[in-house]
């Protein structure tokens, strides 16, 4: 069974249809990248997987989105629970103005965990998972803002890992970072895909090329092509995709 | 004679030395790109050519910077005049909140030109030069803010062209733009170099590769290597340059 | 599951309380407005607005008070606006960044924190007594101007600060001087916000009582002031007088309601104008 | 030429830049020159003297004692360290009880002489007499009148500026009155203000915000006299009825009005602070499975806590300095209030109420300026703490 | 796509085209020299060979620069890679032209035995090779995949002629001819070999080019 | 540089290395088959040729992917381009091995005339070619430019042997031998030719590789 199954999804902001009849399946432990010109609906689509779009008033979804076989838009779905299972990392690093430790522990605590020992252990584990442990283990009590941008972004990843999601969503996770930090994040994604299913939005086609197993190309709310990344970048089937990745677009 | 000749330039922000003994010559009608990791002094260096750094208190320059053989840091230089000769385009498009026409005419007007006919002519010429005329000729009276980001940036280029500079400085002119607009700007640079000497700072190595004739690599305030772009990107002489352009840096 | 339920329940409770408290504020506001409007609306007519009080302030209208308030507004604006705007420009454009600006800003903040009655004291000591303007429109206006100065300065500064440095750089890079840049780029861009600030300052000035108690306001003047060194009546003071110290409370009450309503109308007018100005400029930028 | 004009204009800007500093300087200067003059004054009203018989052991009296003597609280000299004698009070207008008009002369030219005589005759008498009637031939003893001291002002429990022969300028009742009213006002306003801020920043949808926001602005724009008027007419009777009080003009009434007036400040500043909490922060919390409410109190409020603190302090500042509304509804009784349900009086209200009657340059006038200084200092402290809080926030 | 990248791209294509023309000329001249045993023409071919080589170097460098500077992907990258391989093929064909010319120049033979030429179908083979080469050039300039496809059939004929030629040459050598001809036969054998290889390389080029055009891997399919 | 790009890069290098090993084995076996006229071994070589081909396809694809996905520049790009060309060379060498094997398999000859083998220095030539190939592999795995440089000299010897062989074969053919040998000589000539070409291709590989290592263009310098 596929990890994520999207069928005939339409999405509306008020009267504006941002996504048009999208269907795609994502296998477990793969990295899938969404590319496409600005405003094509990548962010809208990725935010469907943890129902982040619910927060925007007057939005509407048609079609079905299944994670592990369960339709996440059906009635009775606990959105908070869903979001625990589907971690998200944002464009700009957004650590809370708390200590490094508290940042990572936040998700555990809001979900009612109190056991100190367990939290400590989980924090360490998550920081290790995000390849940040070595850099911060001596200053867990310091403010997260003291970290560099790249470290902050990895902290945000650690924070997402702490609540043991099975899916990680990343909306342009490296676009605010310098090339070196970007490389570190990409490496991390490469490592993480052993354990997580990762969906990543990126403006940077090379990044999509480097980190992802499969790539979906979006244009004006439609998914034009979805295939192995190698195929997309060497021999895409659609003219439109070809034009976009070779820069002939527009 | 070279268009720009920089000799042994040191630059200080207070006690912090941002540029260390930089010497380089730039030929007329060439595009020179500055690349290097964040904070290496690219912006500081490019802003030396139109003395934009003068606006920052407690800065100091040693060495000589000659444009057309004249030391622009000697006494008696009229900075406003210098800036008319050395146009500048910034990272984010920053058109004034005026009409498209007034934006381009601004530089002419502040320099005391009143002749309507001449201004009209010059505005058209500059907009054509910036490859924007066709897109805006029917709405010159509309606000510049109504343009898209890429158009705004071209408007800023037109604005700089209007005062007939011989040198154009561009500090990451496309970093705030989408790939399509970026491509247009790059094309424009390619056209402009027939008439202007262009210095461009960019974080995007591919951009430097695409548009420039020569490339200078900066690192920690030093200029590590300065050579033909093709050589820099296929066979750089310095290990450090190689590491940077292949992403092995840091 | 348990924890989810707990989370949900506490959220419901908290949101309930928050909404309740918020709506009670709205209720209070509505009560105040309704109270004054309902009681005052009957009083207001052209005659009320255009005649002077009569019969020991138990009859007639409030015309001199309206005029007086206008004089005070104009007088204080004439002083506070140019000085305030220039001060704002100095702080944001000219003053060397760092200690000096911080000092000036601190002073401005301090000035704005001073209670209005202290301005009254000061105005009395300096303008009325020391400079012997006497109780006069001039003294009152200057006092009110001082009071509104921080507001003007701050809005100017904020408005200028909101303009990205890149616009200035853009102008300098085209060979413009600093003054040219301010005049042609920075100020025009800041104008919408500055205007809004100025209008709000007017609103504030029009409602102040304490500063003019001892510098300007007259208990009762049947005729209009003839010069800046005359006293004048003012709406807020008039209301105060009507409400607290009168000969015949019963007859004064309706007039007091009317005066209060006029004051509220002014506030409404100011707020609406500010909003309209803001919208207008915002649209101008968008539409074009 | 262009450059020259530019220099001149720049000069103008610079001068304007310092106008607030100059204003503050002037304010400080004037308040202090007037206010500090108070301490140069004698206890006894200017131009009067207290006189006693030469044999009287008492050679100086404190302000309290003088007041008690003239109020009839102290009736025997032994209560204040003198002999056991009933005190006889003598004021100038009592003179007709002792002498006929003829004795005093048609031009009252004999008054000094007669007073001197009278004092000499009555060892138990104390007189309160204008300076002009005391000449070199005076046979009595002029009591030493002390100057007004700091303790008289700052520890004085009474504010009676118009009493004779001594006035009292003890500010304690006014300070406590101010504190009472302001603190209670803030306590009342805080839950409402915070709730509204949370509602506006976190819960209201766009439409609701567009309605509520102007309402709050309106609330802040209404002049204080209007609030005072409203308080006077609506809240005063309400408080009176609710608490079964003899009068409705109490501290609580003032607090309620002030609370309403402080609301906009609290709401706007703390809402701004909460809105400044980046959307990404909220989204991050939600994305970690936090509920909306958890996000508010675990992320948004801590993030904006310094802004909220500023809001509270600014609210207190507004309350402390508010004049007219308080003046109109608190009852203005200058006693140290032990309950918020008593009428009481605040510093600004005192200034507003009394300055009109105080003769320029007089002791009372100076005392009111001193109150001005105190108010000034309090508000400056509040300002500095706001600045401190927000500066700390920036780092 | 940015205009100047297109410009660069067509510049490279033009260079390859020029190289094509040069190589065709080399093969033509080498064939003429061979058939008429004209040592003058042969010398010319040998002299011009370095031009072919420098073309290859130049184009390879250009392609390297193009890839380094413009990071082509998909169709653009394939185009460059196919150009790279085609250039290598052209260079090899140039090599063969030179080898043939060198044979002409160094042999003591005055003229080719007309009967041998007739029997071995040498002329036909040369024509065929030249036709293929020219077809390939047209297919290349026009980016015409169909035309490129026609090349494969032609190559079969060349292979066939070459196979026959070995026997004929062996026959000739053993039965008919004066002393020197054994060595000459061996050398002629080499010439046939080279023509056949030329055909192979042209086929390769067609494959490369179709790979770019159709994104199909044709190489090694026939043979496999 | 991002770790997984390094991983990918060494993966490709490993594949090239494997291809190297396979091609060396092919040449070894083809040589053995040739010297002993063992049709069994020859068949094996022919069968394995498709493996070489698929190696080439695989590596070419990998390199194309690498360039498309990771946009290498400078040293990384040169490495890929040199790998690409080396792969093509290896494939060609594999082809030669098959040709030699095919000759063994198809000829009617029972064994090679030992004297001819002796005179033409065939064994030496084979040894030389194998030595070159193995040296090249070591130079490749160790990225050793010096070692790669030693290959050029060895190639000269091969060319020399080849030049001599033509005369010897011609000589043999004319003077000494029974009927069939003319054709066989022609075919043997082909074998020598192939061994020589193998040497050439190895030299090419050395050039490519040094180009990557030293960023110097060696190609066509000798020839020019």
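Some points to look at:
So that you can tell them apart, the chains are marked A, B, C, D, E and F in the order they are listed, and the count of residues begins at 1 in each.
In the analysis below, a residue touches a chain if its C-beta (ideal position, glycine included) is under 8 Å from a C-beta of that chain, and two chains touch if they have at least 3 such contacts.
Just so it is clear, the structure is predicted and the values come from calculations on it, not from any experiment.
With contact taken as defined at the outset, chain C and chain F are each touched by A, B.
The fewest steps needed to get from chain D to chain E, moving only between touching chains, is 2.
Chain F has its Cα centroid 104 Å from the Cα centroid of chain D. The mean-CA centres of chain A and chain D are about 60 angstrom from one another, to the nearest whole unit. The distance from the centre of chain B to the centre of chain F, each centre being the mean of the chain's C-alpha atoms, comes to 53 Å. Rounded to a whole number, the gap between the C-alpha centres of chain B and chain E is 49 angstrom. Shown for chain E are the residues that touch two or more other chains, namely 1-2, 5, 64, 68, 71, 73-74, 77-78. Within chain C, residues 7, 177 each touch two or more of the remaining chains.
Along chain D, residues 291, 294 each make contact with two or more other chains.
Applying the touch definition to every pair of chains gives A-B, A-C, A-D, A-E, A-F, B-C, B-E, B-F, C-D, E-F.
Interface residues of chain C, counted against chain A in their complex, comprise 2-4, 6-7. By the touch rule above, chain E contacts chain B in their complex via residues 1-5, 64-65, 68-71. Those residues of chain C that touch chain D in the shared complex are 7-8, 10-11, 14-15, 17-22, 24-26, 28-29, 31-33, 35-36, 82-84, 86-87, 89-91, 93-95, 103-104, 106-111, 113-122, 124-126, 129-130, 146, 149-150, 153, 177-179, 200, 203-204, 206-210, 213-214, 236-237, 239-240, 243-244, 256, 260, 263-264, 267-268, 270-271, 275.
Across the interface of their complex, chain B is touched by residues 37-38, 178-180, 183, 203, 247, 249-250 of chain A. For chain D in complex with chain C, the touching residues are 2, 5-6, 9-10, 12-14, 16-21, 23-24, 26-27, 30-31, 34, 191-192, 195-196, 198-200, 203, 212, 214-219, 221-230, 232-234, 260, 263, 267, 291-294, 296-297, 317, 320-324, 327-328, 348, 351-352, 355-356, 360, 368-369, 372, 375-376, 379-380, 382-383, 386-387.
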